[in-house]
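Note that subunit A is present in both complexes that follow, paired respectively with subunit B and with subunit C.
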Partner chain A sequence: MTKTSDAPRLELLQGTLDMLVLRTLQWGPRHGHGIGQAIRSQSDDLLKVETGSLYPALHRLVKRGWLKAEWGISEANQRARYYQLTAAGKAQLSVERDRWSQLVDAIGRVMNSASAIKE
Partner chain B sequence: MTKTSDAPRLELLQGTLDMLVLRTLQWGPRHGHGIGQAIRSQSDDLLKVETGSLYPALHRLVKRGWLKAEWGISEANQRARYYQLTAAGKAQLSVERDRWSQLVDAIGRVMNSASAIKE
Partner chain C sequence: MRPDLDDLDDEIRGHMALSVKERIERGEDPEAARLAALKEFGNVTLTRDSMQGVWRHRWFESAEALGRDIRFAMRALMRVKGMAATVVVTLALGIGANAAVFSVVRGVLLRPLVNRDEDRLVYIRQSATGLGAGGENMTFSVPEINDLKSRATTISAFGDFSTVDLALIGLGGEPRMVKAGVVGGAFFDVMGLHPVLGRLLNAGDDGPKAEGAAVLTYRFWTTSLNSDPTVIGKTIRLGPRTAIVVGVLEPSVPYPADTEIIANIVTSPHHLGATMVTNRSHRMTELFGRLAPGTSVDAARAELTALYAAIVREHPEAYSKKANIQLTVKMLRDQIASPARTILLVLLAAAAVVFVIACSNVANLILARSVRREGELAVRAALGAGHGALRRTLLAESLVLCGAGAVLGVLLAQPLVSLVSRYAARFSIRALDVTVDASVLWVGASLAIAAAVLLAYVPRLPSPHAPAGLGLASGSVRITPGTNRRLRVFATIQVACSFVLLAGAGMLLATVVALQAANTGYNMRQVLAFDIPTPAPGVAAPQGDFYQETTRRVGRLPGVEGVALSMFVPWRDAGSFGPGPQFTVEGYTPADGEENPRARFRVVSPGFFAVLGVPMLAGRDFTDDDRSGGELVAIVSQSVAQRLFPNGEAVNRHMWWTDPYFGKPAPRRIVGIVGDVDDENIVRAPAQAIYQPVRQIGVAGRLFVRAAGDPYALVPAVTRAIREIAADQPVERAATLEDIRAEVLSPERLNAFVFSAFAGIALLIAVVGVAGVLAFSVSARTREFGVRLAIGSAPRQLLARVLGEGVGIAAIGIAAGAAGGYALARVAARFFTTVQLPGAVPVLGAAVVLICAAVIASLMPAARASHVDVVQALRSE
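Here is the complex of A and B:
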């Protein structure tokens, strides 16, 4: 039983992907590929962010002012866009972190409830 | 600070709504409106399932064989479709419960990680 075959394909909420991207950039600027790699490695390979979801998310986050993008040179000596968290992005990360905790908590109440009717 | 104004609008993953519907029906058959009410009350009003999401979800779950639908008479003396969990639906609930735990765990690893690079 290997980890990879064992791991389910985990779908992400759009809001969840945004939160993970913002979180990843708390550790410093990264290019898109590096962000995807960080999410994958930090989640021990459970979360695989598709390029087709990641780049639209980055575009959206820049548009909302939560990220700043700049051209730079990657470790492979290629021109790449580097993304950096803005002050507004830091505040948004905190909002999304709270919202995620509340969602997990609310779903947990339904999943772990002992009876059908709440007193 | 009242509960209602304080509560964020929580978005649900499609897969999460399916899981919550299956879970709600573990307590016995219900009509669509009753399922929505149960999710809302069990989550202490945090989760509000829109009719526009609930009915397509019920349709999808019946189509997949996870729910069985039957006409019945509601407490308001109206004809209503009652939904009931099938054996396949019970098995699916267990699959979705595991997947949800794994997603929460994986996201938690990224959100709570102490450093950018995993050793």
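Here is the complex of A and C:
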């Protein structure tokens, strides 16, 4: 049993999974596997989403009304559930994106401040 | 919107298929790809559960999981039947005792009365606060009641009630004395009571011209008359008068007295007499009132107190300064419940202590079990069970145990309620009709839930930081110092609580033993006492001759050694004549500010002292010649002689009563001195008594017969002999002095019994607790004992070691219990006036009992420790 990737992997920050899922769905519907793969490839294999977290998150987003789901047939010729952003989901994505850039900015300032460098 | 289980499975399968396809496309072997995809996915069931969980309400999820856990808990508990049974029985005792005591407390202290608008009903009381703690209830005289009636505005109506003993003839059966209430016409309306049959008394039954009318109480009608409806309209004889039975009263709290009938004023000649109507100091009537609309009990209290002060100023002669008489007004329901309050609260505390003991014992057992389960819990934690889930597992188990305990406890409460209420009935009549009701279920359920939650938090969960490997690997029990300490703490709590209960029970038992062993100065076994009450209507012959004749006829019966008359059966008639009138003797002058001495006034016939076994110390007994018209004579008790004639010359000196009740002072020559006896108190105190001959007074009413053989065998013959003289004469309540004293003692005995029962339960639980802790500790240390034996410890040393641990737990518990009990008594003393600390004997006794119990509890585990198989012990682990 070989591991597909031995690259150092990053833990997902708490609360960012929802944002990532919304982002990957910005350009059209995908099924769960596809969402996972998209996050992985777009992060250059640095982020890997556990299925155990991904699927409950998808259902949670559906329940909140940010995604809607439809059954379709996948590339593997199997029944699969395709997820798609709703209008509320799009709005939520921009909210989360703003919050995220604020957070990155704020953390960046702390980490790069003069006193921290001297340390 | 909400996907079902098949959809979730489909979605997961779809994911797997895509994952496998991708791997195969990358060039992996199909089988390897499938395995890798599975591995990558992780726990399928868990994922599916949490997907499903998203769609559920939180509470639903917890409830469903709890249901699952409960089913699991039942299966798990079936494997440890012994432990489960112990827990359930222990909890049942704790819950049952609490539920029973609580329903009695609720029934007596909290339940409303059946009376209409009972929250408007007040009891008015006149107390002599100057005479003893709490103030003696003086009741009221008719002039006082009339004053209050005419002046009060806050009370819309007054009801009065006085108690008399009447000979009841009619209604079938033998003539008998009954307790009768005599009431004014307003009484039933004020009390807000209704008839179950016929009518009650009303204003038309008032006054001396009315026809005699009587209402039967429900108890008398159902128990003595078999609920016979034809009784209405019958004429009965009440002493010299007649009355018509007009109705039957509904079941209600018989207050102020538990009577058989309640009749109007005209049936009691005494109530029509001048003394009753005009003498302000002739107090024998209880007073009730109904608050006027819109007034509060506080307003009524304020008004009546002010009115009363005015009345006292107008009639200073009727209100002795020394007695410091005061008027109080309180809700009738509080008045009825108040004597029971303390005893019920004490009972409630005892029950709570038993519950604490039961809980800590159960906590012990569960803690020990959870230590054995540490491996299982570690496995669950490793498989992803969160802290919440683990607690839920534990909670499910304790819920099952406590639920079973509660069910059993509620079943147990049923007989306990009847026991406790019969006990509490001695303090409040309301306890008699307490029944098991829904409150028992609520108490049981809430106690069980409280216990379950408590118990679920007793075991420690496997810490996520601790290395779980060891716990997972070895199935054996490893006991940590922390667990051991907790087990011991719980065992110590049990011992401490048991000690408090045992010491309390010991104190009550010591009291009873002391009372029973006390020497009374009477011949207790062979003397029968009868009530032959006066006035006995229809007795043709004059009273003096009736007694003469009775003495003669009964004395002739075979097996009778002696006959005497008196007015007073020791202890049974206690309190019926007050503290005793004042008297003086020739040559005695009281010191300045000192009142004349008091002595009990007793009327006896010749032979009384010999029959009852009271020694004649000097002079002579009364004779048949001491009759009215002859010289007035008296016999005094030793303490009177010693106090007033310190030089021993009492005989042939004179005494006379100075109390106005006796009219003009008439000197009596002292003809004899007898030993001191105390016929009022169970605890014998020096009692000054002065005896006068029956034939100079004319009334007696009590017959004493000294039997050669079995006293009770004489009862029919004595009754027959008296009825031959007077056919309608009631002859009642035959009992030996010994049995009378035991009867009077029975509340004390009952107190001791109830508390001993609580203490016994506590002791039993504590023994189980200590034994359980030691047994567990020993089984967890098998290896240690094996090593000790292997390197040369004698088995006896191990035995002593484990016994020592048990005694150690008991000793610490006793010390804690003594300290806690003392503190508790100090706190209680602030709220109750009658808190006693037990003496040295009960405390030491309780300590000895507990140490012995600890030794017994330790014996089995100790024996097991000393018989450890060395080879086996060393091989294990």
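Keep in mind that, in the parts below, the second predicted complex is superposed on the first by the 107 of 119 C-alpha atoms of A that agree within 3 Å, B and C clash if a C-alpha of one lies under 4 Å from a C-alpha of the other, contacts with A are read in each partner's own complex, and residues count from 1 in each chain.
The working rule: contacts are C-beta pairs under 8 Å (C-beta built on N, C-alpha and C of every residue); 3 or more make two chains touch, one makes a residue touch a chain.
Source: prediction; values computed, not measured.
By the document's definition of touching, of the two partners only subunit B reaches A:Gly28; subunit C does not. Set against each other, subunit B and subunit C differ in how many residues of subunit A they touch, and the higher count belongs to B. By the touch criterion defined above, A:Arg97 reaches subunit B but does not reach subunit C. After overlaying the two complexes on the shared chain, residue contacts for A:Arg79 are found with subunit C alone; subunit B is out of touch.
Using the contact criterion defined above for the overlaid structures, shared-chain residue A:Ala87 touches neither subunit B nor subunit C, since it reaches no partner. Taken together, the subunit C residues at the contact with subunit A in this complex read 1, 3, 7, 10-15, 17-23, 26, 32, 35-36, 39-43, 46-47, 50-51, 53-55. Residue ranges on subunit B touching subunit A, taken from their complex, read 7-8, 10-16, 19-20, 23-24, 27-28, 38-39, 41-44, 46-47, 97-100, 102-107, 109-111, 113, 115-118. Within the complex, the subunit A residues that touch subunit C are 1, 4, 31-34, 37, 50-52, 55-56, 59-60, 62-63, 74-81.
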